[in-house]
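Both complexes below contain chain A, partnered by chain B and then by chain C.
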Partner chain A sequence: MKTLLHSNFIVALVGAALTLYPLVSAAPFARPDWAGAAPSQYVPGEVLVKFKPSVIAQERTASIAALGHTVLAQLEQPGWTQVKLAADQSVTEALVAYQNDPNVDTVQPNYIYHAAAVPNDTQYGQLWAFKNTGQAVTSGTYAPTSGTPGDDMNIEPAWSHITDCSGVVVAVVDSGVNYNQEDLAANMWNGGPSFPNHGHDYVDNDNDPMDLNGHGTHVAGIIGAAGSNAKGTTGVCWHASIMALRVLDVTASGTTANVSQAVNFAVSHGAKVINMSIGGLGTFDQIFSDSITNAQTNDVVVVVAAGNEATNNDVSASYPCNFTQPNLVCVAALDQNYALASFSNWGAISVDVGAPGTNILSSWAGASASIPDPLTTGWTFTTTTTGGWTSGSIPLSGGGSVQALLDPASFASGQYGSNTDDRVRKVFNLAGVSAAMLQGSAVINVVNGDHFRTGYSSAGGDPFAAGGTIVDDTTGVATYPKFVAGAFDISGCISMTCSIGFQLQSGATTPKDRGLAIARFSIQTLTLNATTYQPESGTSMASPEVAGLAAMLRAYNPQYTYADTVNAIKNGGRSVAALAGKTTTGKAINVMSSLAYINPPVGLSATVQ
Partner chain B sequence: MRNRLAAVVVIALVQLAGCGGGGGGGGASGPPPGPHTVTLNWAPNHQTGVNSAGGGYQVSITGQPTINVPYVSGPTAPTSTLTTLSTGTYTATVRAYAALDAQGGSAGSFSAPSQSIVVNVP
Partner chain C sequence: MQFAWRRCFGLVVATVGLVAGSACSQTPSDPAPKPMDLSSRQTRVPGEYLVTLAAGADAKAIAELYGRYGIKGTQDLGRNLFLVRLTEDPGPAKLEELRGQNAQIKSIQPNFVYRASGRGNIQ
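Take a look at the complex of A and B:
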């Protein structure tokens, strides 16, 4: 979900610590299994033998010598001897030989342990989702900003086995991806000559899915920011193949038509995992559902966010989370103590697993800035009649007042006039930014076919004259009070002389009503760069943690179907109290356990001869 | 060496099968009573670890020693095994294993058992 929680980027150089992964203390594996273990996992030419307590030293020596072996050491662990094998004998052969020796209690390879793979990315220490040491996320905005050591995805042991998921294409259906970002450029999908920018843009219907919001770049970084490249962060996968599919515009809004097309594009162009950190629609969407089914038919895993409304999706449906196709995994967000995040939706029937989703540091498309306006000075007012717009304050029901642009000036006790064309505008310097979004909120009460318009002109002057662009035209709002918040893409206004304005245009029909009060106004800008990182919170951030895991599982197990992958995600998870009764599994994802998870065999049959 | 061991196992099983198959006469209407060779098959598991060194399957049959079916070579571990069973009713399951464990080490891990089947040996 597009989160409302933003914070400024703070450069934090945190040294990556090399840690030794704890030694495995599990009981010796069953004989037939280690007998076939990969030679790289143990010391060649050596085994460790434990003789039975009743066997005296001479008998031990005789047993070893009979096989042509020599004693390397009597280990401090009672009864254990480290044995050097004959030059021409394999460990497997020796294991079998000692198994058949009645003097031997236990024998095993001399396993080799490695330091867990820890990337050297400069901000790795901030990634609590991967390694929760209780560290504080420096610029985190969600409380708590530090948590419980060990409440993480248990991913470091898995990185000792796989970091390269580039064989599995992951589609990010979102606001696009800044494919030039320093941690993503090397991990973008190669779409060949037809898709030179690593995907497709369904908002502008071209082949340039550059992210002009930031959300999609953040999601992509969680899945596959380049790992151990000594910069920025790392993704679940250090090496990835990320397909950028832009369906959300500058304001992070998109349509069913574009989303379903993007899903079908991903499927037809080889993606095996799709992440969609989008949602909020409460009604079943047939074409969207059909695209998920198409993904299922083509063996594609679809991972989606549960939603950020802090509601039960089983009661108030939220799509795509509530789609029921078996290839879909819906993800709730956990905080740094593995409590359900305060904003996260849940659902014992509809939500599958949880994953870290607060204060998640990842790549961003560029530098964000806000240009607030106090709605006091600098505004130009025009009207065809008397009265019209003014700057003033309106009282709040709870006490106090708020500054606003008002029409009429007597808002909300008076009424606006008939046959009027009231306009107000102000010039802002937006030169040099890559994208701009107008955010505002207003009380609207216009009736009888009258219009409340929002517009801009990049050349300055009157936005509602020739050459201007109208981004919104609202009419027929009779309910009072009707509070409306809006966000509009005004990237077409990027210039030194961006004039933004509002218009109240009325006809002759009476009666009129209270009119307008614009009580909040700001411009959010994004200036693309390749080096910005920032923490975000939302189920939008939890979903790509799981999508990255899906990619890792499919890369490690190329024969995996979507069903195998989903089973491993769900069954390999770690039971978390906060998710009990809140999700279908009651589990948070556990990367290493999912990697080791083995699906039960199927199709067992017997023939008696 | 693993190949040689596997070959030994197969030869032994064939010999057992031969003994079972030749073990007793029977009526013309069906298999004769007594030990019979039973072939168990299952679908290949998709996990890489099952189909590589250290992986394989274990077949469990009530009242019988567990049968190990390790990966030997090639793209997949074997997905069938032969055994000899006396007259009776048995329940069989198979589970897969791999060298990788849930802590990231090589202590190994098993799948849950497959759905069980009932084997009636006349």
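Take a look at the complex of A and C:
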């Protein structure tokens, strides 16, 4: 397949003999398309000239000869002449000369065409974000799973010019990265002897940022999965330098302390792009903001996700998206028809651009599995009084019922007793997995001073006896009639005899409350490997599309500042109806156009001599 | 780091005489004692605060000012920033109020919670 090299393609500023203008369509005045073309993109010593229809052959020849040029050919396209320049004349000079000739209608360089670069990765055909043919994404979970041809990032033409972004370090501030993954191993940051595992782990405070959730590996693959290696997928960049900074734990949660340290680490260790596919609701976070400012001061682009609450960030702030530093780009998610994804946050003030964010196939840290438990059999109940835990069913307001562990058995009409220690536990075989997370939902009504505990024991037996580990201790809570969800890292329980349990411990104080109902219990496991890929949806997936673009832009234009890069991302985008009034630009990213975008020079003036 | 039972969930227990509200609100007529709103996503780590010291200040100032709540641990994060874990959590407002009593403490804020923005993490 042949692709026309965009005539606006820019590598460097043309000679000072030209007055320089912004390239984009938003430019307030007309500008010849060729003005920004780089010498490497056209044939030296030649131009193509189209004379006005009224100009006769002798006049054409005279115009050409007057400049010392010769005719190479009359093209089959009517009116066009291929011209050979004088030996000492540049294409730029010739273009200007012909443009000033009243006999000439149009003049342009003789552009060089390249075959569009298409990688040979085995699952490339699934990457609709890069090439939307209307294909269905196998195993996609977000509807629609197929979309509109052409609604994509327009990246293939850009790959004709650059696929190697390894000169720009991209920090993935996330759940870590499986740096052994087959599509990522070659594209990880070289951290030298101090950081042999390609980054740092702020969850466990060590230098091994191995991903025990999967999210960060997915994000890293979108940015920089090795391209054209006949395996898996490709990233925006085929060659990359991914710095893994683990700030999210097994349950995909992190804190200000983790994140701000990671950003500062990235800045001080040479990253020029940071991706953070994370979000927190509500309150302005000064320390996190300070770290973004530190990135700005050190010329680092920060790309972040808009969030997945389907809300307007201008009304309900979500950080880091709502930080206002100019080096920050906040990204909404588009589906395969370039509609705003149903879950995506937006914001005419706070969200900048959109990018593909549904059914995005990328690398995963390993094999995920779920161990659901129906909460009916196999549980061991103990109490120091009478009653205690039992297995039963409770009706739901929307109809139907749900199986649950209940304490007291009369939940929710009764109350639990005083001075009791009620425990329930069950053994699960978690041998061989790399990480494990307990998930469930619960109605929790315990008075202040009484305790609802969640725990485990890897050796089996009672999790609340000596040797057990308590992962949560809740008191003074009343959620009835609502269930709340819980997620706990139980990776310390990986064994054949992982005993997981719950405890209700009460004191003498009365009155008591309704007690506890635990439902939808499951254990999620991750077993690391190097070959897993899976589709995911979220603004988490849209953000790294933009971070990859930022890396590509900075690799292609090493002189680019963060401001140049952000300008090229925003101004090079493609207007999308679904983003109008929902983002600051109303645009989805367009890789080729951003690569072709030229930033207006500041403080520079030049005139035609 | 654990954040416990925390997030809004789509299940609502059937009730008699109560109308279930939106999935993320307490029911006003709920007679439960000492209700605490767990229904919205937890946004900070209970008992954890980030303290920034004034230039040249001594880290002992942290214990002097906030030791009354019991300090389980302090971690130097660099740049005059310390992560402080308290045994008892009086809340951000009280700690901010106390800050004004010691010029060595430049600022104090909660250790906020952030989560992955993958859709799989939405309950």
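The rule we apply is simple: the second predicted complex is superposed on the first by the 487 of 609 C-alpha atoms of A that agree within 3 Å, B and C clash if a C-alpha of one lies under 4 Å from a C-alpha of the other, contacts with A are read in each partner's own complex, and residues count from 1 in each chain.
Following the convention adopted for this analysis, a contact is a pair of C-beta atoms (placed from the backbone, for glycine too) under 8 Å apart; a residue touches a chain by one contact, two chains touch by 3 or more.
On a predicted model such as this, the values are computed, not experimentally measured, just so you know.
> Between chain B (first) and chain C (second), which, if any, makes contact with A:A442: first, second, both or neither?
The second partner, chain C, only.
> Which chain, chain B or chain C, ends up touching more residues of chain A in the combined arrangement?
So, of the two partners, C touches more residues of chain A.
> Thinking of the overlay built on chain A, is A:S160 touched by chain B (first), by chain C (second), by both, or by neither?
first
> Once the structures are superposed on A, label A:V236 by its partner contacts, choosing first (chain B), second (chain C), both or neither.
In the superposed model, A:V236 contacts neither chain B nor chain C.
> Contacts for A:D564 in the overlay, against chain B (first) and chain C (second): which applies, first, second, both or neither?
first
> Does the superposition put A:I523 against chain B (first), chain C (second), both, or neither?
Touch status of A:I523: no partner.
> Which residues of chain B touch chain A in the complex?
1-2, 5, 17, 21, 31, 36-43, 45-58, 68, 70-71, 85, 92-117, 119-122
> Going by the contact rule set out above, which residues of chain C touch chain A in the complex?
Listed in rising order, the residues of chain C that touch chain A are 1-15, 18, 20, 23, 26-27, 30, 32-36, 38-41, 43-45, 48, 50, 52, 75, 77-79, 81, 83, 107, 109-123.
> What residues on chain A touch chain C, complex-wise?
Residues in contact with chain C: 142, 174-175, 203, 213, 215, 218, 247-249, 251-257, 259-261, 264, 277-283, 285-288, 305-309, 319, 343, 394-398, 402, 412, 441-445, 447-448, 471-472, 474, 476-489, 511, 513-514, 517, 519-520, 536-541, 543.
> Could you pull out which chain A residues touch chain B in their complex?
21-24, 26-39, 41-42, 90, 92-93, 96, 111, 113, 116, 157-158, 160-161, 556-561, 564, 572, 590, 592-593, 595-609
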